[in-house]
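Take a look at the structures below.
One chain, chain A, links the two complexes that follow: it is found with chain B in the first and with chain C in the second.
On to the complex of A and B.
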């Protein structure tokens, strides 16, 4: 009994063996999850090809087993298999949409922050106006106008998520502009372009990269939400949102597993991205913590 | 004075919002002289430096260099004119781009004006020696050096274009005694060899007396001539 009490808890032993500090254990796990997710979605077509429109009506609503790890849906399709392909779509949409939003926000914020004055006021009022509308509603509106497709989903998420990036870049530039080191550069003979490219942008870029990374999970959720509402990809294509939507019907007939795998995948993968981004953010600068609630 | 060789703030007024900071101040810094400027905190000494360095547009009055009025500020001033006046600020931390190594910090004004890289390297090495930056410090970034070491680099940067006028805004206030003496000696040497006009702002009366040829009290000159 005394022997047991003297022994350090299992978790602590594991940590000291692997030299993991509490924060790092989470980051390593998140990194591994993300690595598997990315590798899986890149390699899937090579090692485990999927016929998106194939159905097997003799195998509908089979419970999870060794032959169907996450069961089958009400058209007899393997849920685990389709979840891998759904993740592929979600990650693609998330990354590209976050990039679109960053570029757009970076350009608008960059113009407002560099030129200042009237241009800044006009651009920021536009940003405020768009920010005043519910962005999911705006996203639905954009998809509806463009007809549901991969491009429309990317446009919808990208065009509604650049506002916070624009604000971050603008405020960062405005505060940098008045620093003495910029005065010193001007005094030393640097022109506008040189000050922008050599002194301003390099200070803003790390924050911008971080904002993009933090936006990826958010963009993934939006893709899922749009697909769930039937505004994402065509219904026969595997996407996490489509699958959760389809699974809804199966849920009523007792096939609870049809939504479980896609739902679990999205939670685990976006959580992994968020954990890694948050760790990066904390290392970058504690001051930006408050600014980057995306 | 020979054919107006001076940096002149002529009847300069500056206000921030409703608060008037400088009201019709005239200050003349001749080539080859060291002018000491004192005044209570908040009386507009730093604003006057920014105006003289062509970084801040005065609400009234104008700045002229060697008799030529300069009506532009900041980027609008021709580079050849802008680089004739250099400023050394109180906080080297705030005045240094945290991403650049000390050597790049000193070289930056030369690179901004498209000086050939071989000439840049030669001039930077010469200045780093002059201000006493040892070889191991030169590749470090600002966060890895002390305020005194960083201010030495900022001084080297200020001198890199061989300015005719050097404005020191409490440039030695944050430094230890030996660094202060060294920085002051480098500036005095430069002033003598280049016949530069130097403006020194400091709260240190002893330093002011020893360093400057004449002392101007900004509180007393508000609206008057100096």
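On to the complex of A and C.
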């Protein structure tokens, strides 16, 4: 690291004391941010309860201040307060939808990767074809037909995001199949089920977990995009997409802060997940170093 | 392989792609139709809008009979899909006009937005990605990568609002939305171009990270290739080595990946059109979704998919034609 020499010695000392290498400092920060985000969205109803339908018409469009950290919106609601609840809903929808997509993708990719041959070719062609559907349009279609609701949004995200997981699981299984330890297990008398559960799954599960984690930001964006279009969660509910949508109107009348906080929350959480996932991928596959060290 | 042999190979590829795409699209259309049939919305009441509260039950029944929505589902599906195949896309219940004329009136603006943004993204990402790869790990490389990851984590509609806040409201340089000036009585190209600068820029910037990072990695990889080392050893100037040798090898695989990224671009365009109130397919799609307009939504989704599949096929064939080492096997 050539640039270390240019840093002031004090920082160097601090770094060596805390054993914070540049990459690790980013990962630690990202971990803390995520921890705060998750703890905040879990504990919010206990610590800082919100009445979703409450309005304060005498406090509309106040600029950010100490009493309203991120300002108030057109109906006098505290933006920071609602952003916490928006994150709560978004993370919930994101996590459940990512799980749905992982199960779907894991099953399809698992079948393609273990059976191989003709089945694999046909399944992957199908995956390629579905990948050509703009998933926002497909998601909009699903929500429109099921009527906007929490379940519809989760279905919409889950049903459109499983393709990448299927591809990852399938290619991992195909490369594992040719490895000597699988041959060894088979010649040692292990049955199909035992090979699958004891030898293949332990290798695939970490990748699957990583894919799920990386999918959460995608799921959150998809949910916020639907809510932003007015097709997601009910409009009175504090969700990040709903808030940005409400903020669009406030923006044109000068209250730029109304959609700043909800968007900022999305950016920070997404970045934190990306940084941690990059680090995780480095651990899984030391040969290919991801180049995300912020 | 001879030229005619390669062309015959292309024919086989087209056949094989169609062999998969047609059944998958058919299955998708069945799935969409089933979802539409399961929808709790009564199409007749939806069509009548506010008048549904005062309309007599006979009139609503007449509407249902006209559309045949009380027929058995397989009959309805076959009627819909055979009309679709014959080019009759149906009647939009949210806009009260034929789906085909909605598409004809709107698709042009969406295509313009996507086309110009894509061209901009391609040029910018090839240039920036190659420059970043030239000094890998250097200041420019790190700054560009950090920017790319930051932009990648911003939802495109939020980026659009931020652009409006800064460039339209705070600085007053560009209009905040719409396609023409509010006082304009007709569409003139300079006016339209002025209104499209911000939407095109937002869509391009939001899509750029993926392209920039890909080009950067691919060029960085090919900077280590033998022919690039040889070019350097011959003492060619850095610019020639970078753009004439390293970028050229990285270019072809990049172009085929553009096709696979089109669906993202379409989704981005829908959101950008909504933010900037442009009269493209995005606004119609959202209105159709709010009105549970099955014919229009299904047509937009299926037609877009067919266009993307065709574009993918075209880029793959062009790739195979441009690079004789590539063998198409699917």
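Simple rule for what comes next: the second predicted complex is superposed on the first by the 270 of 294 C-alpha atoms of A that agree within 3 Å, B and C clash if a C-alpha of one lies under 4 Å from a C-alpha of the other, contacts with A are read in each partner's own complex, and residues count from 1 in each chain.
Throughout what follows, a contact is a pair of C-beta atoms (placed from the backbone, for glycine too) under 8 Å apart; a residue touches a chain by one contact, two chains touch by 3 or more.
Not measured: the values here are computed from a predicted model.
Student: Between chain B and chain C, which makes contact with more of the residues in chain A?
Tutor: For chain A, the partner with the higher number of touched residues is C.
Student: Which holds for A:199: it touches chain B only (first), chain C only (second), both, or neither?
Tutor: In the superposition, A:199 contacts chain B only.
Student: Report for A:115: first if it touches chain B alone, second if chain C alone, otherwise both or neither.
Tutor: After superposition on chain A, A:115 lies in contact with neither partner.
Student: Applying the touch criterion given at the start, work out whether A:32 contacts chain B, chain C, both or neither, answering first, second, both or neither.
Tutor: Once the two structures are laid over each other on A, A:32 reaches no partner at all.
Student: Tell me the contact category for A:54 with respect to chain B and chain C: first, second, both or neither.
Tutor: A:54 contacts neither chain B nor chain C.
Student: Tell me which partner A:187 touches in the superposition: chain B (first), chain C (second), both or neither.
Tutor: So A:187 only meets chain B here.
Student: Based on the superposed arrangement, let me know which partner A:230 touches: chain B (first), chain C (second), both, or neither?
Tutor: A:230 contacts chain C only, not chain B.
Student: Once the structures are superposed on A, label A:179 by its partner contacts, choosing first (chain B), second (chain C), both or neither.
Tutor: In the superposed model, A:179 contacts chain B only, not chain C.
Student: So in the complex, the part of chain C that touches chain A is made up of which residues?
Tutor: Going by the criterion above, the answer is residues 20-21, 24-25, 28, 32, 35-36, 38-41, 145-146, 149-150, 152-155, 157-158, 161-162, 164-165, 169, 176, 217, 260, 262-264, 266-267, 270-271, 274-275, 285-286, 288-290, 292-294, 297-298, 300-301, 304-305, 308-309, 312, 330.
Student: Can you list the residues on chain A that touch chain C in the complex?
Tutor: Listed in rising order, the residues are 121-122, 125-126, 128-138, 140-147, 217, 221, 224-225, 228-231, 244, 247-248, 251-252, 254, 256, 259, 263, 266-267, 270-271, 274, 291-292, 294.
Student: Given the complex with chain B, which residues does chain A contribute to the contact?
Tutor: Against chain B, chain A makes touches at 179-181, 183-192, 194, 198-199, 202-203.
Student: Considering only the defined contacts, which chain B positions touch chain A in the complex?
Tutor: Residues of chain B touching chain A: 50, 53-55, 74-75, 79, 82-83, 85-87, 89, 91, 94-97, 99, 108-109, 112-113, 154, 157, 160-161.
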